[in-house]
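Chain lettering (A, B and C) follows the sequence in which the chains are written, and residue indices restart at 1 in each chain.
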Amino acid sequence: MNDRQTLSRPEKVFNKLIAYLTKPSNVIVISFLIILTSCIVYPLYSVYSAAMSVGQMDSMMYNSLFGLHLKKGDMTFLNFSMLMLGKYSREYSTSFFWKPLWNSIRMSTYSSIIALLVGGIIAWLITRTDIKYKKYISSVFVFPYIMPSWTLALVWKNVFANSKVGTGITGMLESLTGICVPSWFVYGIFPCSVVMGIHYAPFAYILIGGILRNMDANLEEAATILKADRWRIIRKVTLPIVLPALISTVLLVFSSTMASYAVPVFVGSPGDFYVMSTMLRSLYSSSYSGQSYVMTLVLVLIGIGMLALNQAVIGKRKSFTTVTGKSGQVSFVRLKGNKLISLVIVIVLFFMAIFPIISFALESLCEVQGDYSTLTLKYWLSREEIGGIHVAVGKGILFNSTILGALWGSIKLSAVVSLVVGTAGFLIGYGVSKNRGSKLATLLSNVAFFPYLIPSMAFGSIFLAVSTKLLFLRGTFLLLVIVASIKYLPFASRSGASAMMQLSGEIEEAAIIVGAPWHIRMTKILFPIQKASFISGYLLPFVSCIRELSLFILLTSSGTLITTLLSYFDERNVVQMSNGINLLIILVVLIVNFTINKLTGASIDKGIGGN
Amino acid sequence: MKKIIAVILVASVMLCVFAGGSKEEATVQESPVQIAIKEAESLGWDELLAKAKAEIGDKELVIYGTTSRVQENSFTEKTGIKIKTEQPDDTQIYEKMQAEVGNGIYGADVFVTTDSFNLVNLAFANGWAENYVPAAYSDKLAQGDKNPLVALYYGRLFIYNNGGKMNNYIKNIWQVTEPEFKGIEMKSPLLEKCSMNFLITLTSPEWQSKLADAYKSYYGKEWKSDGSFANISYEWIYKFIQNCSFINKDSTIAKDLAAGAKGSTGFFVFSKFRSVDYSNLSVAALEGVEGFGGMLYPIYSVISSNAKYPYAACLYINYLLSEDGFMNIFGKDMGAYSSNTSVAISEKAKSVGDQDLAYWLDKCVLEDSAYISSVYAQAYTKIAAWCAGK
Amino acid sequence: MPEIILKNISKRWGSFKAVSNLDLVIEDGAFITLLGPSGCGKTTTLRMIAGLETPTEGEITIDGKVVFSSEKGINISAAKRDVGFLFQNYALWPHMTVFQNIAFGLETLKWKKPEIEKRVQEMLETMQIVQFRDRYPAELSGGQQQRVAIARTLAPRPKVLFMDEPLSNLDAKLRGEMRTELKRLHKDTGSTFVYVTHDQLEAMTMATKICLMKDGFLQQYDPPLTVYTLPANRFVADFVGNPTMNFISGEVLSNNGSSAEVRILGEHFTYKASRDFTIQIGAATIGIRPEYLPISESGSLKGTAYSTLPAGMETTVKIKIADTLLSSVMFGSLDYKIDSDICFDIVGSNILLFDGEGKRVAAGTLSKVE
């Protein structure tokens, strides 16, 4: 009697498909998977094929070196074997690949440890002790992440350079105290690791602090009752609970440092310290550009490895991080020497976060560099063309239509990118959290994180190639938006997912039950509740985008973006202008951050995944 | 996995469609750009200006230049033709040529670039760029500067901080290989093709013998191979690289050096003097260095094979070669030398002791593009490995 | 009329089967509780009916309309099933005031402003939360939040109301009050209530019918008193009632028509049921509710007082007899010295006999063979 009711197979499949697609979260997962794979798989594929074939210059080189007859585009394993396996000479492979690889690994390891220690200790001090100036510390501590990493490197050089190192410029430390730090302290792996460590320490602070803040204080109190001392509690209770955050920080910092270029160039190369990213750049500019793609592949693979490791560790330990969030009264540890410790931290933070800003401001005001008796506002306020001994500079920054135009261009691009990325992150977060545990959702969240692993430079060059195929994109604002959106998606999707995960399913279901359509649920329920977190997802891409250079340099002409203009003045050594523009970028970021924070409660740290 | 493959397939099909549409028919006939160039060769300034203006109207002439100076807009002041410039580096400019001209896409009209090797072996060999020599300047250019056309030369020199009193610090080029000169600041030859070309040129027999003479004069004995280097030039190059400290920008080097301690040495573009306080800086070559005092590298100017405004492009090159053009764009300060032998350096340059091109040709190593091409792969790879491995 | 019919409903997550082949008919206007220990599939069942979860197999009909069918690939979204849902954690929207929370559903139904105003006011009054109208959920106590949640759920007058352990976050006193009110609301609204709980007392006191589940399987679906007096098996008997039923393992010696001879507590008993039954000779269990073990000086069975738990209105006495602990409930406040001798009887006609597999085979009387 069931016969009449049975439907044919295609009808059933169709009905099931309709049922599947009527769920917006499924549509989101599917469509983002399609968009992202085409935007990421294609670039990756092109990196792979470039690594596996020879370009015109490469083929000339290989033919001449090895007596071959390769033509442009021929498949070859030579890029690999020459770079990694000593096909030309062991010296070549060691110099270009193995040594930089080893250096990168060491630098990244040290940076992760430094970031972890600095960020973790600050996080612990803020959440668990009665340290003073908490507000100052916690708000200023994220500055080093907001500022471009090379500004820190610059500050490092300005402070520690001395008459015994390099060309013997007298840095601030020497001129104040007469102390000359050794050469390894100024250039090489040490400053690289420290600067990168400090740059990413806010990461550790945010991730670890988030967990400590939400962790049920009862867990620690229970240990106190059992008469465990503070150190034992930290070791046996606190640390294991924040372990996933620690590991996650280490892996993120590790892979970020791996791909960083500017800092090793500033304070690494002068000390003969080369890492994979600097070698990638050298290879890219060399006559063996094919090998630069091999290098890119290796970097991507390391990143994937890190990500997989992260996934594996976090996945297993996830249960640890489920926290009740009911830790109202934490009894703060009373620090011995509180005043001294607080003061030291405040001072160190000043140098890490505030000093660079002040020094940019001062340098932009000095007619003669470093001579504070020649202060002038003309580089900011002059309505006349500034001539002088230098190259044509143009009008003062605030009246210079080129600079203001470029700044506006950067703000516009960053705003559009952050809108696209933030919204995408919100949607992806929704799709992933609704389909928690499904294979497609896991795939999506991994794919969305992927662009993080491709070095900016490679990304830019890939999309230059893409744009010559898709003519309508070439040189357009849209292309910049697309490239930047994909590049900055990882963090937005991460913060989107973590914000969504914090919402219990019931919240949305309560609205489903009363028949609220999807867009109403999104705009009236989900978004407003986690407003701060989601808006943070918009903030982070904005910050990253406005200070980005290497991603865009191939895709746009100088003058359209503030960073490309910055390198113009830098090139000409118009110190006042380049410092002024630096200050301008940092100020824009800080003002935007502050305004958004005051208006909505969103902040950078929420964007990274803190709470 | 299947899904990913499917996406790749779809994407590549799409790309093929786009790519297919842009293929130009192969011709043996002359292109419009070649015709225009041929015609422009014999035109005087005024005729060419008229043609160029008629052609371009109020549109912009697009110039890609590896040197930032192309952004100076005196050309517009003189001709009324607007320009738009981009400043890719010496890798990116060829990448852009390939991406644009190579795909039949209009990007730029004029390329101002360094590195004869890539210019000849990539740009000319692939037909991305055309050479143009205005007849009016033909007899004012050295024969070797005509193909590819050299617009001007830059000098990259050994410069040291004299601490206010020291002079003649570098007397022999072998000095810079000695331990006391450790830390010479220089932009890595891996990132600066003309520097690499300079080092490769040094390995030529001509420079081997010059280096051998300097060696004998400095050490008081003949150079003898101990087997570790193929010839004397490689020994010098190796030791020099070991002594270098790579900085990513010439302007940073100039700044570091100007503010640095007595005796610190750098190898950077002379023209950077214009943006630092050079009161404590001395140019070794001007005081006399046995061997050579630095390198001289050509800035070439060629026309894009798919230039939209070939006449205006020709006009621009005419302008670069003219006294006016050189002075306005490059010659105001020290360190740049017109290939036009009738153009002298500026008074300002003279005031800091700068000299004319002929002087520098004698004191410096000049990129020898024929020799470079003959040994490029071997020499490049060897030197590159040293640079990377120090 | 909204009758809800579940046909052969199953839900699997990977290899884990949360609900297995469930058939259930929920009559219009009923107050059904889905009862069972945690992990038994009751919440899953509720969410499947509401449309918040998709069954793996089966068919669900609400009010004659198929809302889900795996056969036909039908899956109507929760929004279109015209149901109300009260969540365990209330799921009040923290960024909306009490008024906005209650009005939200009406707005999505495109009610007119004055009507919304009127209805919300009505709900606020019914739930006695008028004074909290403009407060945010975070400013309310648990009980107040609960009332808001109920008001929000009831405002659009759903024909069917689902509740997922709505009282579990309240303290005992409030819980008691809310029970009374929910029962009242059921009467006043005339809606069908489906109520998930793991608290047997809640199920007993409120439901018109209890659906008891274990490990995804339906155990019994009957009115509360039936479930109490005539549980289908040992699990049900054990789960319902407080203090729990006494289970005395013993041996069936013979079975003849409506009677059997059993040996428990080291003594011989005659078991007599009102109907014929069959049970295998051998191990069996006798189930006796504590109220069927009255203590009296003339009691025919002797044990010792293990402990006494007076609660004011009644007293639970743990009696130790032949290595078995039995609970007896007596009216009033009593106190027995620990380890003193106690005499008691087995009375009543609802003494249960479970076979070796734990299935109830009979209900009857038990008398000692002298």
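Here is the rule we use: contacts are C-beta pairs under 8 Å (C-beta built on N, C-alpha and C of every residue); 3 or more make two chains touch, one makes a residue touch a chain.
What you see is a predicted model, and the numbers here were worked out from it, not measured in a lab.
Taken as a graph of touching chains, this assembly is arranged as a line, each chain contacting the next along an open chain of partners.
When every chain is reduced to the mean of its C-alpha atoms, the one closest to the centre of the whole protein set is A. For the pairs A-B and A-C, the larger set of C-beta contacts lies at A-B. Once the centre of each chain is set as its mean CA position, subunit B and subunit C turn out to be 88 Å apart. Mean C-alpha positions place subunit A and subunit B at a centre distance of 35 Å.
Averaging Cα coordinates per chain places subunit A and subunit C 54 Å apart. Partner subunit A is touched in their complex by these residues of subunit B: 3-4, 7-8, 10-11, 15, 18-19, 22, 68, 71-72, 84-92, 95-96, 98-100, 103, 105, 118, 121-122, 126, 161, 183, 185, 188, 190-191, 193, 245-249, 251, 254-257, 259-262, 264, 266, 272, 274-277, 376-378, 380-381, 384-390.
On the subunit A side of its complex with subunit B, the touching residues are 33-34, 37-38, 41-42, 45, 56-57, 60-65, 88-89, 91-92, 94-96, 99-100, 163, 166-170, 187, 265-266, 269-272, 274, 279, 281-282, 284-289, 368-370, 389-392, 461, 464-465, 467-471, 474, 553-554, 557-558, 568, 570-575.
Here subunit A touches subunit C in the complex through residues 2, 5-7, 11-16, 18-19, 22, 504, 506-507, 509-517, 520, 524-525, 528-529, 531, going by the rule given at the top.
Residue ranges on subunit C touching subunit A, taken from their complex, read 50-52, 54, 71-75, 77-80, 83-85, 87-89, 91-95, 104-105, 108-109, 152-153, 156.
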